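After this come two complexes, each holding subunit A, first together with subunit B and then together with subunit C.
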Partner chain A sequence: MTEPLTATEKTSDNPILWVAKPMVTAARQFARSLLHPSTVVYPFERLEDPKFRTEVGIESGKPIGVGPIWDNYRGVHALNIDTCISCNLCAFSCPDLCIDMVTVPGGDPKHPKKCPQIDYGKCSYCGFCSDACPEGCLSMTTRYELSVHSRREMVFPPEKLFGIYQQKLPMNPIRVERPANEDRIVLEPPLCIGCNACSRDCPTNCITMMEIPKPEAKPGEKLPKRIWKEPVINDSDCVRCGTCISVCPKECLFWGSRK
Partner chain B sequence: MWINMGPQHPMTHGLWNLRVKIDGELITDCDPEMGYLHRGIEKISEDRHYNEVITLMDRTCYVAGFAWEHLYVLAAEEALHIQPPERAEYLRTLCEEFQRIGSHLMWYAAFVQDIGLMSPFLYGMRDRDLVLDLFQSYTGARMTYEYMRVGGVRNDLPPGFTGHARKVLDWLSDRFVEYDRLCLGSDIFRKRCDGLGVLSAADCVATGVTGPMLRSAGVKRDVRRDRPYAAYPQLDFDVAVADGADVTARYLVRMEEMRQSVRLLRQVLDWLDHHPGPVLADRLPRWLGAPYAPVGKEEYVLKRNYPKGVGFSSIEEPHGEAQAYVVNEGSEHPYRVKFRSPVFANLSATRHYLVGYRVADIPPIMGSVDICVGEVDR
Partner chain C sequence: MSSLSLYGVSFDLVHLLLTSIGSVLPYPLDAWITNGTLVLVLSVLVFAAILLAASMINTIVLIWWERKLLGRFMDRRGAMHVGYAGLLQNFADGLKLFRKHTFKPAEADTLGFFSGPTAYMVTSMILFGVLPISTGWNSGSLPLSLLLALAIFSFAPLFIFVSAWSSNNKYSLMGGMRSAAQMIAYEVPLLLAVVAVVIVSGSFDLTTIVTEQQNYWFWGPLFLALVVFVAGMLAEMERIPFDLPEAEAELVEGWNTEYGGMLFAFFMLADYLRGLVGSFLVVLLFLGGWTMPSWVPGALTNFPLAGIFWFLVKTYLVFGLFVWIRASLPRVRTDQLLRVGWNRMIPLSLAAVFLAAALVTVKCLPVFGCLPSPGV
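Here is the complex of A and B:
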């Protein structure tokens, strides 16, 4: 644009026109509002109703500016407890720290099954947890009505989230591709004591303890006291949750890059 | 006599206080007080992972969340030496231009209500809802999108999106004509706004005022044109300037910017139709992806392996020129994040465009500034 903008509309000295000219436009808008209403009578009509789901809402007979609740709406979570592998990734990725991993029945006593419990008083509905879920068992639904009578009711235990899952609400169809990366868990062998903690706690059972040969003790040297086994990690099954790193008593597992 | 307009006042559009010294009806001095909405976003960012900061950016400015997400990810990508795919850059441009329309419509609604027009307020809010519905169709939320990621965007557009978007653009283009007829064609509006709040080009430059306020004074300065980023180098558009430097000129500039945004968006939608591709860079650092587990010796490993860097970005936000500075010291958190808010500078210059006018002129003048206190205080 080369010319600076100026107001080109004509002005007049007649005060009746001052009022009448805008009223013409307002009358046109009023006539249009009869054709395209802009209101949803909420408790009786809902945005999920099929009548709002067809178009963006500017066709004849459709309300203006009333979009549907699309299936990828980020509302209350639904959790499929049966497929949850207790990998903690949802809790790790939560920016608001509103997810706690709590024990649910179903695991063995030594290795209890833990599933996310979400405090909706803190949740910001960012969707990072459902993006992070490697099994697709935590997803967000189109449910948005959350009035409760006390703060305690804002905390949804896994059973309640499973109840939402069983209602079969529309769920976010967009599965975010997890970015490919070359990182994997590597072992620093001299520190390992073969304690089996990583293999025991791995959510996907991708760590197996392989026997390693016991070295010959040289004269005057004492062999370390350990179990002669080392973890071997199956990278294709690994979900990179880092549980093994956090349980390792000797801190001999850490993130490394594949050569 | 000093009077307080704010922090709870219909003129303020948020929590800030404008103290004005009056002599009868005449304003002789004024003193803006900001800081009522300070949330420490820059400091909180230092304790978060790079992608988690994006959740704060939507809350920085609640009417222009996409612009702030874009600002942050541009700086973070430069600091982390990441190049996003080309389709992601176009998608970000799409988000930012739609956000500009949404933000300007929000400004239009609030501004006309400041000068006492109720019907255009409803029209502006109604048409802004179309833009928000488009956002919801691909991000899942209407205001807090959390859509951009360092290294790209979260997901691609749903099928049929570009057709819907074109319909919305056609609808909006027709409405802009009506807005002009309703406001510029009304003598009451013109008598209320012409010649008010004049801020000359020299004062704009001296006080750091940017955005539509600067362009309304005749200075042709737009970051999208002067220092292009994302997909703007490939797109064709004009920079809207006016020379009145008053409230009417700011109205004209913003209306023309919306028309230019429509023009930009048509080009972006055409490109997106014909160029499928990835939307997230591959080979990102593991701790940038959605799942990561910050435990163990990670800090040590990162400090040893990952290159350090600093990133600076500058974008044309709907309110003006916003800037961000991110320092990467090799850990998984940004070492320092700093933002420059355009509205802070625009508000700090109140003394230059309020003194000499009447008390009743304050609502139209401040309405034409387009205040978003969320980004002023951060």
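Here is the complex of A and C:
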């Protein structure tokens, strides 16, 4: 049936070709669809339902439909609040600006713990946030039912995302590897005043303030008024969140290439 | 008329009602109420009401049947959620259309615009009343009921044309024109195919035609006529592949473009009512009507209302054939329809008439009768 018609067939009015063949095809389709129509009666049947998957002959966990749309499906996020380090990277990477870092209980009062809150009215489900998350605590699950009654309900606070995490839904396993020649944070020493702000706010505590020798003042020269310490960054622990850069009062930290 | 005839039942019902009312009334009133004229008039009305209810329920169930079948042909499920397997979906749709505002385009002709759909509906209902469904369910014995049915059937293009013209819309007008043009192509072969049946059965009375088929159904010897009749019936009912007048890909919705609400429902119901009646005609003329072959066990044919039951089963199967054709074939062009009508169907139907005459002359009809029977 799939071959194109020849020129004689196009102009003929052969009843076998124009009536019998289509009717046989339709009857074959009818017989096939009588047992298993392609329609999934959605609210009552779901493709993820294990019973239904065995009925249509798909093993549990296997992709369904055209292409692998199941295991790497990008649905609503799951957030593990316990491992979140409040690094802000998810909010930085979000192209829709739908992630806000909001305070959650549990941090110390001086430096409250902040976790992402996602506005699903804006979210485009691109998955950049879960790619950017250095701790793997923000992932995308396979849940797609997100209907709510108001726009306000579309904003999911961290507690709600944590609740989704606790349901142990299947998660999108795809994660972007960090490049070997990643940029690192470098210090321009003359500007530093040793204020400890970077070390204090670093989410991974990879910055230590090391004492540096106080130079001898030459005659007639006034030494700068500062603490004689400098930050030393442990590159293997650093997650490149840039918090230290944003908190530095003298702007002496910046991104530099790895030598 | 047998005791279970439809008119007899409605007459008895009205008579019982009126006598029981009359028994509690004082003298001048009870004489007036049990008067024969009043009973006659009321029983005719009750008869008509039963026919109306039967035709509407059958039509709506037929739409459901088409939706379900077409759904499976298209790998869907059809109506699912209202009632059992969506059986009540069309009642809900009808109620929705009934509630809707009926309007008329500003430039449309009022008389034609409103009388067109009404007349279309009314003639289709008359058609339902004319056809016998079983030995009891008929409107009396009309000697020319086949001719009457076909005559009423051919009214429709006129009313379609009236409503299309008065809609004052170019698409409606084109649809109406096509409907009128199409009629010329299919009406002649359709009637010639019927002539073959009339030659074999020797009667224009549908009841007699069915009685003639008690020994063998006509679809075997008159297969050629059946093919022509089904094709012509498809065009008569304006179903795919001959639904040129409402070709929704080219003419928005054809001749009912401007209609909405209940008027649209009239057209829709009348369309399917004509589909039902067309299937009735196929069953009556070729598939033995309410009779069943003798090899069917008696338990299946002797229960009350068995005639109506088997008639409806056959009707719905024939309509299933129409749905199958709708699901398979593309819509033809006007010139293709005319060519098929004049160049193929008329010669075929003439051949069918000749064949029927030959079979009757040499008396070998039962040889081709496809169902064994006690008489042969």
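Keep this in mind: the second predicted complex is superposed on the first by the 217 of 259 C-alpha atoms of A that agree within 3 Å, B and C clash if a C-alpha of one lies under 4 Å from a C-alpha of the other, contacts with A are read in each partner's own complex, and residues count from 1 in each chain.
By our rule, contacts are C-beta pairs under 8 Å (C-beta built on N, C-alpha and C of every residue); 3 or more make two chains touch, one makes a residue touch a chain.
Predicted model, so just to flag it, every value in this text is computed and none were measured.
When the shared chain is aligned, subunit C comes close enough to touch A:P37, but subunit B does not. By the touch criterion defined above, A:F254 lies against subunit B but remains apart from subunit C after alignment on the C-alpha atoms of chain A.
In the superposition on chain A, A:D131 contacts subunit B only, with no contact to subunit C. Look at A:V232: by the touch rule set out above, it reaches neither subunit B nor subunit C.
Contact with both subunit B and subunit C is seen for A:W18 once the two complexes are overlaid on the shared chain. In the superposition on chain A, A:P95 contacts subunit B only, with no contact to subunit C. In the superposed model, A:Y73 makes contact with subunit B only, not with subunit C. Ranking subunit B and subunit C by residues of subunit A touched puts B first. After overlaying the two complexes on the shared chain, residue contacts for A:Q29 are found with subunit B and with subunit C alike. Shared contact residues of subunit A with subunit B and subunit C: 18-19, 22, 25-26, 29, 38.
For subunit C in complex with subunit A, the residues that touch the partner chain are 69, 71-77, 80, 324-325, 327-329, 336, 339-340, 344. Within the complex formed with subunit B, the residues of subunit A that make contact are 1, 4-12, 17-19, 21-22, 25-26, 28-29, 38, 55-58, 64-70, 72-74, 88-89, 92-93, 95-96, 124-128, 131-132, 134, 140, 172, 174, 176-183, 239-243, 245-246, 248, 251, 253-257.
Across the interface of their complex, subunit C is touched by residues 13, 18-19, 22-23, 25-27, 29-30, 32-34, 37-39, 41 of subunit A. Within the complex, the subunit B residues that touch subunit A are 48, 51-52, 55, 119, 123, 125-130, 132-134, 136-141, 144, 146, 151, 154-155, 158, 164, 167-168, 171, 178, 180-182, 184-190, 218, 238-244, 248-249, 252-253, 256, 280-286, 288-298, 301, 305.
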